[in-house]
Every structure is written in structure tokens, then in C-alpha cells.
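One chain, chain A, appears in both complexes that follow, with chain B as partner in the first and chain C in the second.
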Partner chain A sequence: MTSDTATGARVLVVDDAATVRLYHTTLLGGAGFAVNEAANGLEAVEAALGTDFDLFVVDVNMPKMNGYACVEALRSDTVGSDAPVVMISTEDRPGDADRAYQAGANLYLVKPVAGDRLVRVATMLTAGKDDVA
Partner chain B sequence: MNPLLAQFLAEANDLLAQVDEGLLQLERDPGDPELVNEVFRAAHTFKGSSGLFDFPELTRLTHAAEDLLDAVRGGRLALDSGMTDDLLASFDLIRGWLAHVTTHERLPSGAGSDAAGLITRLRAPLGGEAAPSAPSAAGPAVLVDTAPDWLAYLDAEWLTETAGWLSTTGSTLRFLWYTPDTDCFFRAEDPLHLIRQLPALDRLSVVQPGTWPAVQEYDEYTCMLSFLVVTRASLGELNHLFRYVTDQIEIVELDADAITRHLSGEPPLRAEEVMTVAVTPVIDTEMAADARSVLHAAHRALTMDGVVTEGTRIRSVRHAVAAAARSLGVPVDLGAAGPAELLTAIDLLAGEAAPAPVAIAPVPAAPPRAEERVESRADDPGGQVGTRVLKVDQEKVDRLMELVGELNVAKNGLTFLAASAEEEFGSRALSRRIKDQYAGLHRIAEELQSAVMDVRMLPLSVAFSRFPRLVRDLSRRLGKNIELVTEGGDTMADKDVIEALGDPLVHLVRNSLDHGIETPDERSLRGKSHTARLTLTAVADGDAVIVEVSDDGRGVDPDRVKHKAYEKGLISEEELETLSDVDAVDLVFRPGFSTADQVSDLSGRGVGMDAVRASVEKLGGAVTMRSKLGQGTSTRLRLPLSMAVTQVMVVSVAGQRFGIPVDLVVETVKVPAGGMGRVLHQDVVMMRGEVVPVIDLARALDMPWSLPETADRPILVVSVNGQRVGLLVEQFHREVDVILKPMEGLLAYADEFSGTALLGDGLVLLVLNMKEVLGLAARVA
Partner chain C sequence: MGLVRKQAPQQPEEVAPERPPAETLLRRLDDPDTDLRREAALGLEGIAEAVPALLARVHVEDDPRVLESILITLAAHDTDEVAGSLAVHLASDEAALRTAVAAALATMPRSVPDLLPALLAAPDHDVRVMTAMILADLPHPDAHVWLLRMVQDDPHPNVVTGAIDALLPSATADDIPLLEHAVQRFPDDPFLRFTVQAALPRLAGTA
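The block that comes next holds the complex of A and B.
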């Protein structure tokens, strides 16, 4: 994959709300990303075990396995992903972002995220991925 | 409708049902943390999705509900029934809104005012304060570098905290300064009211004039206050709210940097800094803002206590920092930089943007890409993860069902072909081969049909689901204690049956609550437990499903029913004497009968059980009631599992064929002409010691036809409402499976027919509604 375009980068959208998933996948898919979906943390981890994603967009509040646990699992030895993780949540109290970073997320955004912003961030985070080992 | 909204509406339905059910369970078991969590999560998910649309009232109301639930979840509040009422009312209102959204794609016009009261009530237990967090509708807003001087009216400690938090979350805050005109009161402007309507209010500061005028000069009709508001409401919302006073307000959006600069008393961005940003290529300011957010996040991740800074984590931070640097137009080579080096790089990037690429790592070693890629897993095309349940538009399934019906008709055509092969062309062998072919096709068609019908099957719990709420609300209004028990909710039936079952069931349950079940005082007087029991049961019984509504209430008094029926002229004096208790109870199904002495607003309006019987019979079912005085009543509905396919017996009269539902058919007999009897004006036939009235179907349908005097009489015996009646017909034919289509247009008023069906030979069969036909016969006689 060329490093100066986001087209084709693989993104996993993790959210229990089907509407939010559709919103995110439509936006990212429209921008040229190859988007997969997962409805909770557990599904996300399973998906990450099978596919090397270039970016994760993860919700916080989910059944079965919440976003924090999910990101921790992604960063664990089992999955071992160092791809950027953007957490998107409705929780925007001070401290929530820190929990996300503690888990291993690289950016914390508050819902709803404007469409152009999500695409911009995703493009930014996936464009540089091949520069660093 | 746009697909996102359609998805939202579909999902909302499920979520709201979850919330409702959870709330009701919670009321019974308020201490269950798992339940609270479930309800909260459903409400939370709903709110999150609603924020994607321009439904500010919806988001605000859900948000208030969510905050209340959050407080309950956190143990800060105990859920009482008042709160449950408010929550249920809120979600009811929301459900109404969504129905409006479904057709109009926007909220109803009165949504704001409808919600206002509920929001206040929901917030009351929380101390009435606005929520600390509310989603901002992501709208365009002007990011301002310079903090306006009025920011000084906010206390520094709060600003510090806010700046720190803004830098890590990527949230945006809007600061609004509102100085009403001094004579605003004379123009019917109410500044306080405006401020009160402000959504997602984070901070409010009411600023007094520096010096108040001397008492003798002070005019209380002059507004001298200013308002400083910090909110997360979108710019659009703010502009709308303040649309009449646009000249009196100032809105700015500040980022963490601007606030920090304001706090440190520094002047705004120096000219050269602005230059640097301007010089750097291919950057738009928004991209730069996002890059800064990423850098802040990385910084925080590296400096926070208890964060692992090795392995995948540090690598991902490196990715993020490199990506941010790149989009800032300052690509950096981070090599294998450790936490300290990364922090230096971040400081450099965030501070003065370096003009040249920054080399951080001492060893720009070849990135160990190959190694990593060896470990990487092969891309899995089947890695698509998602739900395995397919949600299908109902119309598609209905279409499939129709096609199956047409296939059945086409299939039946083969039997006619076989018959004509033998009769017209004299080829018995061909006829047999067609029949073989038919048998194979028949088997597949049957399997296909049951497969499609299976898709349409829903558990009875769908029909039961509304009752916990209904029983709860009604029993509170009536002051009765009622425990609702549902059994067999997993019994499956066709969705049409389930849907059609709704109204009759509501009727029966309301009747039980209203008339059947006694007040707690009355119950204890009779030595019954205070809490009455209402049971909804469903069991499968062959091709039918039996649904029973039973209560342990006062039961039906057969004598009272008889007298009432007599008073209303429904039964004769003779019947009043002779009617058995069982038959007496059955009188409640007679049209125009109502046992309620007063018409209550719950059930009794004169149209009671007869409506239930009519609608159940329309479904091809039957309803019976058993009751023991003082011990309770049980009403049993027997319904076909599926209404899609009906078995009818074909008979002909005057050369025309008619269908009669096989369910009703008891037997077919041929009675010699002399075997017929006559009682009064009624033809009868003796069958196994029972006198069965015989009706001439041709006469009832007003068709000119009569049998030769001496011919045997073909009589079809049917059972309608438990009564046996013989139908005199011309000839019996086969039984066939048909898809019944209701009568349409002008014919819809022809009550004697319950529908039409297409036969395999292309003939349209009229299917008789036996109850109506018997009524006709009675009138003709």
C-alpha cells in the first residue's frame, strides 16, 4: 500500500449501536477505507486476530466487552496490534480520555463526531503508518 | 428515507422495548444491578445514535433519562415508582416522536414543549442541575485564537480544568456573552427565560454592572445584567435560540490553547508563530487542530501514571505522533524512539513547529518491517464480523409467501392435467407419470411452504410483551394488586396471528382487570390473598395455538348473566329457566351484552366480548369461557398456527362451487329422501339420536335450485359455535389447501363470504363464512 493515500487502509469499526456503525462505515467506506464492523469488544478482538487492521475506531460503552477492555486486548500479546486506535464515546467527563489512553488508545473523541472530522483523523492516522516501524 | 435514519428507527424500536421491559422488571426488583445496567446501556446506546440526527429535543430528553439512570446505576439514587413513571412517560413520548419521524423525518413541532416538563421532572431527583455532559451536535463553529476579555468573569480554576480536559478529549465548547438591551423588558424579551432554555449548559455566570446607579436613580425596569454562558450546544442551536437578539450576543469557540494563553495572561499567538503555521504546506487548520489533539493524546498517554510504555503501546504512540507530524507538514523520523524521546518530539511539534524534519532517534535503523510482517496474519476475507441475524423487510417475506401460494396453485394444476390425460387422451400411463411428478413437486412445495412459514413465525411473547406495562398501569389506576404471570411465551405462531391476537387479548386482560379481579379489600373479605393473579398462557396444540387468559377473581355469575340477557331481550323466558351454567356464561359473547353495571373507561362500552369472539373467529379460531363463581374466570382462544394456508372442503350448489373451512366440517352424509324429517318449519335429520337442523344452502344463498324429490340428500354437517347444522348441497368435492384472499372493493361487504381462493384449474372459489350463512338461512326461513 502506498503511504500517501488512505485508500485501501483497513479499518475496524466497533460499536454496539448499529446506527452508529452504519454512520461510521458509510463515512469511512466512502472515503476509500476498507471497513469491517464488530458489534462489541469481543467481536473486535476476534476480528483483529484474523485480520491486520490499520486503524480501529472503538466505542466505549458496549456489552460483553467494553471499549477499554477491547483496546487493552488489542494491545496485548495475544493480538499484538500497534495500529492507531480512536475511541469514540458519548462519555466526555474529565478522566474518561485518560482511561482510554491508559488502555492504549491514541485519540479520544466525543460523539457525535462530525463526518469530515472522522475521515480526516482516519486519513491522518493511516497515512503515516508505514513511516514508522 | 435515508438508510441511516431507517437503521436508527429499526434499532430504536428494539432499544426502547428493552428499556421498557427493563424498567418494569426493575420496579419489581429494584436492587438488581445487572438490570439497571441493561436499561442504562439501552438508553445510552439510544442516545448515542440519536445524536447523529438533528433531533435536539430527542437527544436532550434521552439524555435527562440517561443521567437519571446513571445516578441509579451509581447508587446515588434509589429508583422509586415516581421515577419509573417519569422514565416510562419519557420513552413513551419518544416512541410517539419516532412514529412521527418515520413519516415526516423530523420531530413533531411541539416536541420541545412536550419534553420540557419531563426533563424537569427527570432532573429533579438529581438536584435539578443540568448534566455535566451533553453531546454537541457537531456543527461548524469559528475557532477563535484570542480569548475575549469577558472570559475573565469565569474563575481560573474551572478554566484550567476545562482547558486540560479540552486538550485531551477533542471536545469543543462554546462561550456565549449576552448583554441584553437595557430596555429589553419593554420589548417582551425575557433574558432569564432564554438562558433557561439553553441546552447542554456547562457554566453560567451572571455579571452585574461594575457600579450600580444610586438608589434614587435606579430604574428597576432597566436590565443591567450580562450573562456569560459556557455550553456544548451546537452553534445552530444557539443561533436559533438567540435569533431575536443576535445583536446582543457574542459567541466564540475556544480551544485549550486559547484558554491557557488567557490564563497565563499571554498575548495571543505571536506573529511569527502564525507565520510558521501559514508557511507549512498542505495543511488546513482543521487538520492541524486534529493533529494537535493527537499529539496531546500521545503526550497524555506517555505521562500518565500507570501506563505501560512499551511493546504495542509505544509503537502505536509512535505511529500516531508520526502521523500527526506528517499532517502538520513536519515529517519526523522516530525510529525506535522511547517515551522520553517521543515526549521531546511532541513538545517540539506542539510548540514551535520545526522548519526541518526532526531526527530524534540516534540510530535511524531500518524499520523491522519484514520481521513484523512475518508475524502478521494472512488477510482473512471471511473476517467480516457482524450480526448473524438477518433483518428482512416484512413485505419481502409476504411476497415469498404469495409466491409459495401461487406455486401451490400451479402444482394443483398437475392433478387436473393427470385427470385429463386419462379421461381426454386415454393415457393411463401418462396420467400416472404426471401424478408421480406431482408427488415430487408436492413434497418440495410443502417443504418450501413450511420453511417460509417458519420465517414468519414469531414467539407469543411478542403478543404478551405489552401486558406487563398495561397491567401495571391499569392496576394502579384501579387500586388493585395484580401479579401478571406469562407462560409459554416461546410458543411460535404466524406473525399475522400474533398481530391479530393483540386486540382480543387486550380486551380480555382489561376485562379481567376491570370486572374480574376484586379490590384488595374485597379479596381479603373473601379470604383470598391480597394480590390477584392474572395468567397469560400459550401452548401449541397440533396446528393450533391455544392462548388462555385466566384470573382468580370473582368469576362470572351465571344467574346474573341470564337475567341480564333476559332483560336485554337476548334470551327467552324459557331459556332463562333452562339454560345450563356453561351456556349461560357463553351469553357474554352475545352482541350487545355487557355485565358492567356502569360503563367504565377501561373496558365496558357495550362492545365487549362479542368483539373478541368476532375477531377471533375472523382468524379462523374459537373462543370459550369457563368460570367458577368466586374462584375466577378463564378465557381460552384457539387459533390456527398460521392463517396463510386454509384447508377447505369444496361443495357445489346449483352448479357453482363453494369452499367451506375444513375445521368446521364434522362429517358428510347422504340421507335418503325419506330420511328427512321436519320439525315446525325446519328440515331436520336424525343422526345417532340427535336432531340436526338442515339448511338448504341454495335457498340461503338465494340460488334457484332444488333436488329431484326422490334423490338422496347430500348433507354436509358442520359445527358452528358448538352447534351442529346440516347443509344440503348438490355434490361433495375434494378438500384443497388454498391461500385465502379477503374480498375486496364492493364485495368486501359481502359478509357471507370470508374470501376467495384460486384453484389449480384456474377457477375462483368463494369460501363461505358459515356463521353469516347460517344467519342468512335463519332470516330466509
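The block that comes next holds the complex of A and C.
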């Protein structure tokens, strides 16, 4: 599913929960981003092989390929994406953020993430990408 | 003279490869070759004596395909012993392990219900979030009721939003008051409010 604007930076929202995808897509789409969705890490990698995204918003706990493995795959030579990655998870135990950064994430946020914060973070991380879509 | 159907040429009968003895397969669970470990895990299907070794292997297996095969074989047993031993991993620091275990438990409708009181009362709210993931896919007639209970009673907003996400595909207009109550319980949670508000029009149409 794609929610796009004429000039927004391209974001891939990766989450197995349909409600979370809808929430993030609505927030980011409303702020002018062109948003695609993937329901797990495998779908995200597949999407990233065909599209140069400017930002990934990735959940941790997902079937088929979890968020950490997804980010590692995005950073691998196969995909080779250096686009910023924001991981968002319910997991807030010690070490989760470290694990995310080891995998290649730029930022680790714990749910719930306020809408304005997510948009602000996405805007900052994609600064200069406004005319790519 | 009537037509005589030609005899089809005789095909050599396919012979299924013989399964190695259980002792061999159990040894192969520790083999450095991931393909051998995966084949061993799948080959131990239906062998109750292999359950302890397979459960032990879950703790140390680091190859996701092998782990998946082990869990497929274990989940087929659907016993209290297997479910209880797997549920421990819902609190794992390894995302791949806890999500794979949750997926396996979601295919165990005979044994998981007895675990639910403990899982729903787990002090670690992340375990309760994983429990909502299990209930989302558990083929059990009471799964909906347990999710309703989580939405109504759980004190952590992430658990409640997880339960709502799992509940929505089967929710009806009857569930609207409970969802609205959840929003009132967590007025500062924007995602929970958004999720419920987005779902209400559809649910109202199910009355």
C-alpha cells in the first residue's frame, strides 16, 4: 500500500501489526512523506531491493524476519541501503537499543511514540530529501 | 475389435528414503552442518523421546532455519511440557527466538490455554505483548475472550494496544464500549486512541 505526495521523501513502514502500519502511515503521509508498508522484514528487504527509500521505520518483533535481522539485511551488501533506520518497539529492556544500533539503526524509540515526535524525527533524518520522490 | 487401452509403461516405484534411527538424528542436532541439524529436527517429528533434546537445542540453536524446524517439530506435540518450556523464551533478549517461539505457541491450541493465566499475569509486560501476538493467531474459540480480558484489565498501554490489534479482525459492535473504555484508561496514549477511533466506523457497521 502506498500513501504518497508529489514531493515527499520515501519512507518504508515495517510492522506486522496492521494498526501500527496505519498509524505510522497516516502520520507520515499526512506530513508529506510518500509511505510504503511492509508486514515483516522479508517484505521490507524485497521492497528495498526495488526502491531507494529515504527512511525506514521498523518494528522489532515480527514473524518471518524480525526487525534486527531486517536492519542487518538492509545494511548488507545485497541491499546496500544507507538510508536512516528508526526502530520502534515495545521492548524497553536493557540492551534493546544497543542491539538496534549494532544492527545498523540510527535511532531506537519505545512505543508509544507521539505522532509529532515521529514526524519530527522523520523530517530531521530525511532533511534534504524533499524533492526525491 | 474394440479399442485396447495401451498399458502405461511401468514406472519404477518411488521408495521414500528411510528415516535414520532416532539416535542418529538426535546426534545430528548438534552437528556443525546446519542442513543436517535442520533435517534431523524435522526427522524427529512424532518421536516423543526426542522432545527433551529438541527443547534443549532451542536454548542454543543460532540458525533461524534450524530453529524454525525444531519449533515445527516441537509444536506438533502440543503438550503442556513443550508449551511450558517454550513459553520461557517469550522473555528472551533474542528477538528471533521470542518471535519464533510465539509463532510456534500460536499453533498449539491444546496446551497454550493452560498457560494463559500465568502469561497474562507475567510481570514483564513484553511477555504479555508477546501473549497478545500468540492469541492473535491461536485457533481456539476462547482466544477472543482472552484478548477482551487483556484490553479490559492489563495495566500497560503497550499490552492493551497489542491486544486491540489482535482483537480487531474479529471484533464487532459489541466490543465498542470496551475499546472506548481502554482509550479512557490511557488518555495520553496517542496510538491507542488513533487505533480505536480508526476502527470504530467499521465496528459500528457490524451491529
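Please note the rule applied: the second predicted complex is superposed on the first by the 120 of 133 C-alpha atoms of A that agree within 3 Å, B and C clash if a C-alpha of one lies under 4 Å from a C-alpha of the other, contacts with A are read in each partner's own complex, and residues count from 1 in each chain.
As a working rule, contacts are C-beta pairs under 8 Å (C-beta built on N, C-alpha and C of every residue); 3 or more make two chains touch, one makes a residue touch a chain.
Bear in mind the structure is a predicted one, so any value in this text is a computation, not a measurement.
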item	value
Chain C versus chain B on the shared chain A, clash or fit after superposition	clash
First (chain B), second (chain C), both or neither touched by A:G67	second
Touching partner for A:L22 - first (chain B), second (chain C), both, neither	both
Chain B versus chain C as contact partner of A:T90, first or second or both or neither	both
Contacts of A:A47 with chain B and chain C, given as first, second, both or neither	first
Which of chain B and chain C A:A114 touches, first, second, both or neither	both
Larger contact residue set on chain A - chain B or chain C	B
Chain A residues contacted in one complex by chain B, in the other by chain C	17-20, 22-23, 26, 61, 63, 90-93, 96, 111-114
Chain A-facing residues of chain B, complex	3-4, 7-8, 10-11, 41, 44-49, 51-52, 132-133, 135-139, 161, 164-165, 168-171, 286-287, 290-291, 293-294, 297-298, 300-301, 304, 306-308, 311-313, 315-320, 322-327, 331, 333-336, 367-369, 372, 375-377, 379-380, 382-387
Chain A-touching residues of chain C, taken from the complex the two chains share	64, 93, 95-96, 98-99, 102-103, 124-126, 129-130, 133, 157-158, 161-162, 164-165, 168, 189-192, 194-195, 198-199
Touching residues on chain A, where the partner in the complex is chain C	17-20, 22-23, 26, 60-63, 66-69, 90-93, 95-96, 99, 111-115
Interface residues, chain A side, partner chain B - complex	10, 16-20, 22-23, 26, 36-39, 43-44, 46-47, 49-52, 59, 61, 63, 74-77, 80-85, 90-94, 96-98, 101-102, 104-114, 116-117, 120-121, 124-133
